[in-house]
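Heads up, there are several structures right after this.
In the two complexes below, chain A is the common chain; its partner is chain B in one and chain C in the other.
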Partner chain A sequence: MTSFLAVLIDGSIYASWLFLVAAGLTVIYGVMRILNMAHGSFYAIGAYSAASLVGWYFNNGIGPAWISYLLLVGAALLAGLIVGVIVERGLLRLMYGRDEILMVIITYALLLILEDTMKIVWGVSPYFAYQPYTELGRTAFGLLKVSNYDLALVGVSCLLGLGLWAWLERTNQGKVLRAVIHDREIAVAMGVNVRLMFTITFVMGTTLGALAGALTAPAISVVPGIGIEVIVLAFAVVVIGGLGSIGGAAVGALLVGLSRAAAVHYAPEFELFVIYGVMSLVLAFRPEGLFGRTMARKI
Partner chain B sequence: MRFDRTEISLALIAIACVLFGFVSPGWLIFLLTIALSKALVVQGVVMQMRSGLVSFGQGLFYCIGGYTVGMGGQFFGIHDAIAALALGIAVAIVVAMILGLLLTRYRDIFFAMLSLAFSMILFGILVKSQELGSTDGFNVHNWTVFGWAPETGADSQQTVFTMTILAGLVIAIMIHRYTKAGIGVICEAVRENEVRVEYLGLSPRWLLYGNYVAAASVSALGGGLTALATGHVDPEMAYWTTSGEFIFIALLGGLGHVAAPFIAAIVFSVVRTYSIEFVPNTWQMILGFTLLGVIVFLPKGLWSLVSREKSGERT
Partner chain C sequence: MEMLKRPVSGCITIIAATLVLLAGKPAQAERFELGAAPTEADAVVGCLYPMTGRSATYGRDSIAGIQIALDDLAAEAASGLPAPKLRVIADDPRSKASYAVRLAQDFITNDKARFFCGIVSSGVAHAVSDLALREKIIMVGTDHASSRLSIEAGHKYYFRVTNDSWTSMAAGARYLRDLQKETGWRKLAFIGPDYDYGHVSWTDLQLALDELDVEYETVSDLWPKLYEPDYSIYINALQSAKPDIVVTALWGGDFIAFIKQASTTRFFETTRLANFDTGANYDVMMALGDQPYPGLILSARHHNNWPETGRNKRFVTQFHEMTGRYPTYAAEGAYTGIMAIARAIEKAGSADNDEALIKSLEGLQLALPEDPPGFASYIDPDTHQIVQAQAVGTVVHNEDFPPSKLMVGNWAIYDAEDLKPSQEMVKRRRDAVAGGSEAVPPPTP
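Up next is the complex of A and B:
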């Protein structure tokens, strides 16, 4: 029973983390049709910014601990904004209109560039910002002790999901965005500034990625290469859910999170296998993902 | 059997390379061996690109080729390098025949992602298997060629080099003929417009299937040769960044000619060797900018530099 509870708790924590990572990716794909390989780098940049800022705060400051949480989020927003604008205006804008698959390769090139940029800016030694993680203490579920920070992550993830949903479905801007998703040309004809919507979407996506990194930073040691590991996981999640669907990403994250937690507890040798196994299985039966739209073939 | 100009030039270059191998220093032979065996994997990527599919998981077959050669010697007593390479190809073909059934239903990014997922599955399995050395992999040594055991060091390096050149030549000629033959031409038609190919009464799916399996076998051969050359295999071979490297080399060379991947792989290896030596922390950045540069300025790859000159002569 305990192990079942453990799977449930671990699974939900892992799932909420996966959703945080995957949300930005799926938003960008949904609007811009760009499968962004550099998303993992945005995650890493967020983690680095947050870790260095929070580390600096605790090393120098005597300020209260709660400010560090604001710093985490602030660092992510700032980093996401800056990097997002630079990348969209400086690189992607010049590349629009190319093949989807070529865009994947272009963002792969971007990933390579950003990986080394991070090494130049932050060096190769690890950064730590564990204080916000330990500060919150733990809660006991029977025999299990779970970090409150991890539980808070579940809450943040749910809020973020709801927020995204509300933004897309309940605001004017969301409506315009859905129009762009549905048919870019008609949207342009109706007077929608698609370029601006692209910039907004992309910056939003990068910020979400950076936020995921920043919120993860206290729980890990931030080292070069964390983005590379994360990106394929995020891919698996959004592909399972259906590219471009936020609800799909949530379901994909839950599916992957729970199955990985189950694998870790019952059959640890299948830990990595299970994630891609689930993905292949879903794609075998639903090629467009669980919530993806089926496209008509063009002649 | 008649050989055309390309094939004769390839053969002459191969002979020159083998002779060159006897006088050149060890490090250069090693570099060339690795570059050329990777070029074979890239040939697999290029074969699929011709049909419009970009595989982000060619590392799967690279890894299968390498591990089969390694395991053949380690566990099954297959010490003959040629037999081990053949076994690697056979395993890759079987795996590709199974995965191909599923993969050929997908195009574009879905094909890319699913092929990536399969290679990550292999990565995941290898990392967790203690018998195969987990993340460290294991060494590949004590192999023979037709009963002859080359001594470790320069001797065996020389042997792998010669084998790689010969394998490269044979594969290059086969691919050259393949692309000129009906199936190769139709593969390009599938890239241009799949539905029209279907209207012509052909099944794009089975074309892509055959192409996928063929590409897998070529890549596995490259993996096997790499394992023999480096004397080591590890799960990193199946990691997605390795596959990314193959795509990079493929785009660098372009689809214009069967020799392009070989040239691109050599350029890649030379640049990499020197940049890791001199600018270890900006190596990937150089790669990234080069990739962007190739996409924007040389969409047909390095080969277009050569062929452009040629077409200029004719007019």
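Up next is the complex of A and C:
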């Protein structure tokens, strides 16, 4: 029973982390039709920025611990905004309208460049910014003691999902974005500034990626390569849920999270297999993903 | 045409910016050339060590260890002893087997190397060991530890001069046996990296415990991937399994990350954590800060504070004077590799005859910094694995090796002869592979 509860809790925590990472990826694809391979690097940049800032804050004993949570979010917003604007204005804007495959190659090249740039900036030694994680303490669920930081991550993830849904469904900007998603040409004809919408979407996507990294930083060791590992998992999640679907990303994250937790607790040797096993199973029966829509192609 | 110009200019901007960034820093990957000049060298040794990435510390320390060995040999030669002049070339295989094989091939073709040495990753070492066999080049392994390399996959050209996973786990099994008499522990869990070294370490531990007739129950074995950044789910799974002792084969940054993340939970209040092969490495000691987590049981292939012999103190001091820091175990491993090659050449009379060199290495005795008083390490003629004593202990306050505030103490010392795999065990493992099985069968009653 304890194990089952542990699977539920661990799975939910892992799923919430996966959703945080995958949300930005799926938003960018949904609006811009760009499979952004560099999303993992935005995650890593957020994690490194947050870990360095929080590390500096605690090493210098500047103030109370709660400020560190603001620093985590602040670092992510700043990093996401700066990197997002530079990449969208300096690179992607020059490539719009080109084949999706070309965009994959371009963002993959960007991933490699950013990975090496991060090594130059932050070095190769691990960064630990565990203070925000330990400060929140733990809560007992029967015999299990669960970190309140992890539980808060589940809450943040739910709030973020609801916020994204509300933005897309309940705001004028969201309606315009949905118009762009449905038919870019008609949206342009109706006077929508599609380029501005792309900038907003891309920066939002990169900021979500950086936020995921920053919020994860206190729970992990921030090391070179974390962005590459994350992008593989994030793709699995959005492919299961259906590319471009926020709800799909949430369900995909939950499926992967619970499956992996169950594997670690009950059959550790299948841990890696189970994630891609679930993905293969879903794609075998629904190639467009659980919530993906089959789209007609213009010829 | 206009459409083409803009993307191209964007790409050029990015590439140019990257080049500017890279130009601002010296290249991290570097080929090191140490020792005698090409025209003066009695033999060339091609070494593979990580110079970049997360294991770069081991590469840097290994280079310093090699330099200490070359200095010692030069001092011997200056005093009239017949020490050979070695030229040592070191390059970074970037933890990739295919790249390591390519570099090793270049060592033979371009540098006329007669020996390979080094290699941190057991996976990479397997590939280079295969090349050594094909090309008939003697390989002296110094930092990888999978016992499969010397037992199942051993061959006449492969030698290893640092503790392997069997030696460490045999010492660990003895420590666990003695601890069981004190505490009555029964439930054991294992967590190791999901590649050759991790799995072989677990097999070695089980075989060693079985040989000692230790009664235990395995409640969990977990396999995170190498360089896993987030161990929380594994830590929760371990806590759910309620083991009395967790043995781990995580190493370097992974082991440090595991400890840091476990320390934010009640892990150390409920269980002991043992790492018998790499846990007491100096980088781990530094990372522990001033937190001697209760229940940590550690050992490593070399300790800066054990044995307290003149030879060990001199090695640690030499390293500190040369680099301004204290060594990880990789340094003494690399030092041993070069000394083993030098002594083999001395004994064989030259570096020209493979068979004579192999004969010289088989059974070669080496008095090393890590040898306790009255004992000298030697290379087992059958497995080509060095035979060494091992010390296991717990974490204590010790500020003699700053910046570390902790070191391992409360030593339990295990004799080298006791830690050798029995001939019967070696035969059983080799027969299992010859029969097409990866699993080691139980001993015949």
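The rule we apply is simple: the second predicted complex is superposed on the first by the 295 of 299 C-alpha atoms of A that agree within 3 Å, B and C clash if a C-alpha of one lies under 4 Å from a C-alpha of the other, contacts with A are read in each partner's own complex, and residues count from 1 in each chain.
Everything that follows uses one rule, which is that a residue touches a chain if its C-beta (ideal position, glycine included) is under 8 Å from a C-beta of that chain, and two chains touch if they have at least 3 such contacts.
Since the structure is predicted, the reported quantities are computational estimates derived from the model, not experimental observations.
Once chain A is used to superpose the two complexes, chain B occupies space that clashes with chain C. Contacts of A:169 after superposition on the shared chain: neither chain B nor chain C is touched. Of the two partner chains, chain B is the only one that A:287 touches; chain C does not reach it. In the superposition on chain A, contact of A:183 is made with neither chain B nor chain C.
In the superposition on chain A, contact of A:279 is made with chain B only, not with chain C. Using the contact criterion defined above for the overlaid structures, shared-chain residue A:35 touches chain B, although it does not reach chain C.
Contacts of A:235 after superposition on the shared chain: chain B is touched, whereas chain C is not. By the document's definition of touching, both partners, chain B and chain C, reach A:269. In the superposition on chain A, contact is made by A:104 with chain B only, not with chain C.
Within the superposed three-chain model, A:115 lies in touch with chain B and out of touch with chain C [touch as defined at top]. For chain C, the stretch among 129-137, 201-209 or 399-407 that collides with chain B in the superposed model is 129-137. Residue overlap on chain A between its contacts with chain B in one complex and with chain C in the other: 91, 94, 110, 113, 116-117, 119-120, 124, 268-269, 271-272.
For chain B in complex with chain A, the touching residues are 54, 56, 102, 105-106, 108-110, 112-114, 116-118, 120-121, 123-125, 127-129, 193-196, 240-241, 244, 247, 251, 281-285, 287-289, 291-292, 295-296.
Within the complex formed with chain C, the residues of chain A that make contact are 2-3, 6, 9-10, 13-14, 90-91, 94-95, 98, 110, 113, 116-117, 119-120, 124-126, 128, 130, 133-134, 138, 144-145, 147, 150, 216, 219-226, 229, 260-261, 264-265, 268-269, 271-272.
In the complex of the two chains, the chain A residues touching chain B come out as 35, 91, 94, 99-102, 104-106, 108-117, 119-120, 124, 228, 232, 235-236, 239, 243, 268-273, 275-277, 279-280, 283-284, 287, 297-299. Interface residues of chain C facing chain A in the complex, by the touch rule stated above, are 6-7, 9-11, 13-14, 18, 21-22, 24-25, 28, 52-54, 56, 194, 220-223, 225, 227, 229-230, 232-234, 236-237, 239-240, 253, 256-257, 260-261, 263-266.
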